[in-house]
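By letter and in written order, the chains are A, B, C and D; residue numbering begins at 1 in each of them.
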């Protein structure tokens, strides 16, 4: 059995806003083994980003507040770690790529300065080489080493003329190029886990393909484990081997990509797959999921999908169905599969 | 033809007097009752083109011929009348509705402006239009921020339809929406077209949506049309390397259809510089190139099937003076 | 960049002409009779007649304006109707005092305001934030001439720690003028006791004047910092394991400093504006006091000269801060 | 006739139903406002001050002291049970004069802001929407007006127009508008780029409609917030002119001239300056706190804090 990297158990999270308390996560279960390429899919507001960002504890608290469950990374519960332990966890074990490459880099620092800082931070050398100690000979040497590694990394992620471009400022890069820089920073510490939060949503289709290909290459080269958060099933089909589908704050189905794409069990997964329009969709045959996502402030009782579900039964509104094994390596949370 | 664009061009003057040809010599024709797709990535000029048609942006040169009349010569007053017939649905349902107006005011406003109805009759029309687009009459007094993205897009559609327009310009109507909601809106658009006999100009970057809704389409690259024709030709025999690359790059939902191994486009349209001569796609083109690619701008020439036109030297070997 | 600079420089004469027009119109609105006021109650009609002719007040308005402008170009800013002294040399002397006060007040304000803003943003919605909000709102709300009097009362008269009026101790020999700025002059002359005295005289007025700067900078910078905290690059830095301490002191501070530099022109203008009342209360021999006294005596040449002078100073300061901003912000520097 | 009018209760109910969204937004805003104690404090101060301004002259203990009464036998009394804030050099009750000055200050403040906002918003709207040459002319003029820092320009103008309340008011009114002009222009430029403005033009809305129905209402928040803060500043500026000696003239009560008077009797009769200043400080503080809170209240997008 491969090593269990991430184990999220019954994680619940609330957001305290002025409109009340939003129950954003409602008992999420998710496991990631070393070497997995997991696609976490779902629609806006289903809690997929919050779930993923709970692993490196990057969800701002407040307004968020964990109300139950645990998040284990390599066996340890990250919800109980101190700020400094979390910082080490983030710098050494987890890399994160965010959605919007336009705002992901600080506009007033050159790419070189930001990359060097990130690299030094991952070696725990940043504090010793910045601020007052910046001009010590040893610091300058460390910085020079880091700069060389940064150039090598930029070359690896496909930035042409990296040794020249590294001195440029973020606004001189296109969106695709910035995303490459951010990927380079994220993989710099050879992390155990790479979290990619909608990494291509803000990019054109052709650039999206380039970024996707880059991630796939990196996976092969440095044995990355990836958690890809997206609403695009195509990306998951192309990159991932496992998939977890979220709806309104819980994982409703998870399993191997092929199995779930070919034989989805949860009515929501089925609806989602039928709603995708491709060249093969005949005109007028597209089916959406009727209705819209429920309010997180006053979620419906029982299964949160029940009000939109065409196969809903009376017992659906009784209790939230638990995620159960419906076939080997395939879990689903739906009363239809409880027998 | 309901709408014809002839050599439409828009030049923006950027800072430092640099000229940007956002739309470059675009010609196309849309028959009544058809759905025409305009496909392009960011920076291709597709939104500028959309806004030029009702002259929300003034064209630099070229003609906009609507029902045989050139709109470019119309006065502001005449344009207001034409704008009853040409409506736009905007991409972003979060910014395209005035946050301080209720749904009733938003949907009723066009009728008020053109003095088509008032009082009870206006109310009746608004409520029936809300029903047409699938909203409940009880929601009429709500403000936009209380609705979800899909519902807001329905409000936008209702507002556009209430004047009974002939042409609806849909500027990325579903790109800000979730998949399950996108399907609802696409089907609503199909349904409305059948019932009301509308003509659509659909602007999008999503080839799946184009295939689903459109009869014909044009691909825009850096402001110019590079390929144009009936939808089946474009999807089955894409003849421009850019079209082929776009079709290849859409990640397929079928895990067995591997797209990651194929070579596709290099770089992106922002970091690769086109000097202004030759083919604008040449700096990124994955195809084998001929000398003319960097010297002569390829014309939008017809292929064997005369309705299918492509601007590529490789597709027109004779024009380029070289054999392939 | 060069094109921008040229553009800005070309605008300056236009702005200056508009400035002079505005001030000229105001100074000739005077319905009361400044000449009579200046000549005194016992003046004979011929005397007044002579003065009116002397100041050209009998000519048509446009001629008066052209004459005045012609004088300005030759460095002749007219002379005071009250004490018959030339305006420009006086303005320059008084301006040095105002400049000293304003610069020290702005520095003081930055020194207090920046940390206050950072603390407020760092602990948003907690007590440091509330405190800083109260301080900044309180500081703009307090009538500056009143707080000046209160400070005079407390530190000058009750505690007797600090002098309350003037710029230097009349019992000591006044430092020789090199730049006109006493702190600099005494330092240049190596006159440390003089420097100490000058600082003591400067402290209270500068403190009063810095209140506005503190308020403005705290409020603006706190907002800017909070907006930056929402940006993804903060998230990216945290994801890369960069310590909060370094994130704040290195990353956010640079962004904050750029925001501050862009405000600097406005801040200095603000401080200059506040100087009128403070100079009046502390009897600080600056341009504000000069202008106030002129306003009370309807000394129109001085009113016009000093308003115009301050206007020019603000135009120049704005130009320089704008350039400085363009130099420190890479987004503008390289585009 | 009577039959067509529904009973008031049901009409109210219908109105509430029609405006349910606006009402719930308002409730949410009030809730947010009320959560901030400083904003609430500001509101209370403003309400009390308004009450004082309106009713003050009817209940002050020595109304005659604002009209020129002199009691030389009673001069320079420190605060005591009869004279809470003490008496000045002419034996007049400082408390009475402070209270009565509120009314004049408020009236003048309102006029100054009214004039300034009308001029500023009109010019700003023209500059922001029309653009081109009118924009250049208006905005350059605004720049020039804003070049004179602080009280320089109003002081010069007020001095030129002569001493007293009316010249001071005029001088402040015509020098106060540039701030609003610049604010409205900037806001209009921002709102003009929003999709919904393009949308309004696309359905054939006239320019007037676009400006008044779509753009200006969305700049209102900024104007209201600025105005609520500016009110305090306008009163402060008026008092500053009084302090210098070119604003409201004694015996008419004015905080500025009272503080100036008290200066002459420092440090012995500290109360003559201290109380009017303190009172004015509290008032300006109230308006600023209120304005700061209003910013949160009126922002329709700020739902999450």
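By our rule, a residue touches a chain if its C-beta (ideal position, glycine included) is under 8 Å from a C-beta of that chain, and two chains touch if they have at least 3 such contacts.
Predicted model, so just to flag it, every value in this text is computed and none were measured.
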{"item": "Pair exhibiting more inter-chain C-beta contacts, C-D or A-C", "value": "C-D"}
{"item": "Geometric centre distance via CA averages, subunit D-subunit C, whole Å", "value": "25"}
{"item": "Between subunit C and subunit A, distance of the C-alpha-averaged centres to the nearest whole Å", "value": "53"}
{"item": "Centre distance in Å when subunit B and subunit D are each reduced to the mean of their C-alpha atoms", "value": "49"}
{"item": "Euclidean distance of C-alpha centroids - subunit A vs subunit B, Å", "value": "32"}
{"item": "Multi-partner residues of subunit C (at least 2 other chains)", "value": "335"}
{"item": "Numbers and ranges of subunit D residues touching at least 2 other chains", "value": "305"}
{"item": "Pairwise chain contacts under the document criterion", "value": "A-B, A-C, A-D, B-D, C-D"}
{"item": "Subunit D - residues contacting subunit B, complex", "value": "17-22, 25, 194-196, 198-206, 209, 214, 217-218, 300-301"}
{"item": "Footprint of subunit D on subunit C - complex, ascending", "value": "14-15, 18-19, 22-23, 26-27, 29-32, 125, 130, 133-134, 137-138, 140-143, 145-147, 149-150, 152-153, 157-158, 269-270, 272-277, 280-281, 288, 291-292, 295-296, 298, 300, 303-304, 306-307, 310-311, 314-315, 318"}
{"item": "In the complex, subunit B residues that touch subunit A", "value": "41-42, 148-151, 178-184, 186-187, 190, 205-209, 211-213, 235, 245-246, 248-255, 258-260, 264-265, 267-271"}
{"item": "Residues of subunit D touching subunit C in the complex", "value": "38, 140-141, 143-145, 147-153, 155-162, 232-233, 236, 239-240, 243-246, 255-256, 259, 262-263, 266-267, 270, 273-274, 276-277, 280-281, 284-285, 287-289, 292, 305"}
{"item": "Subunit A-touching residues of subunit D, taken from the complex the two chains share", "value": "28, 31-32, 35, 303-305"}
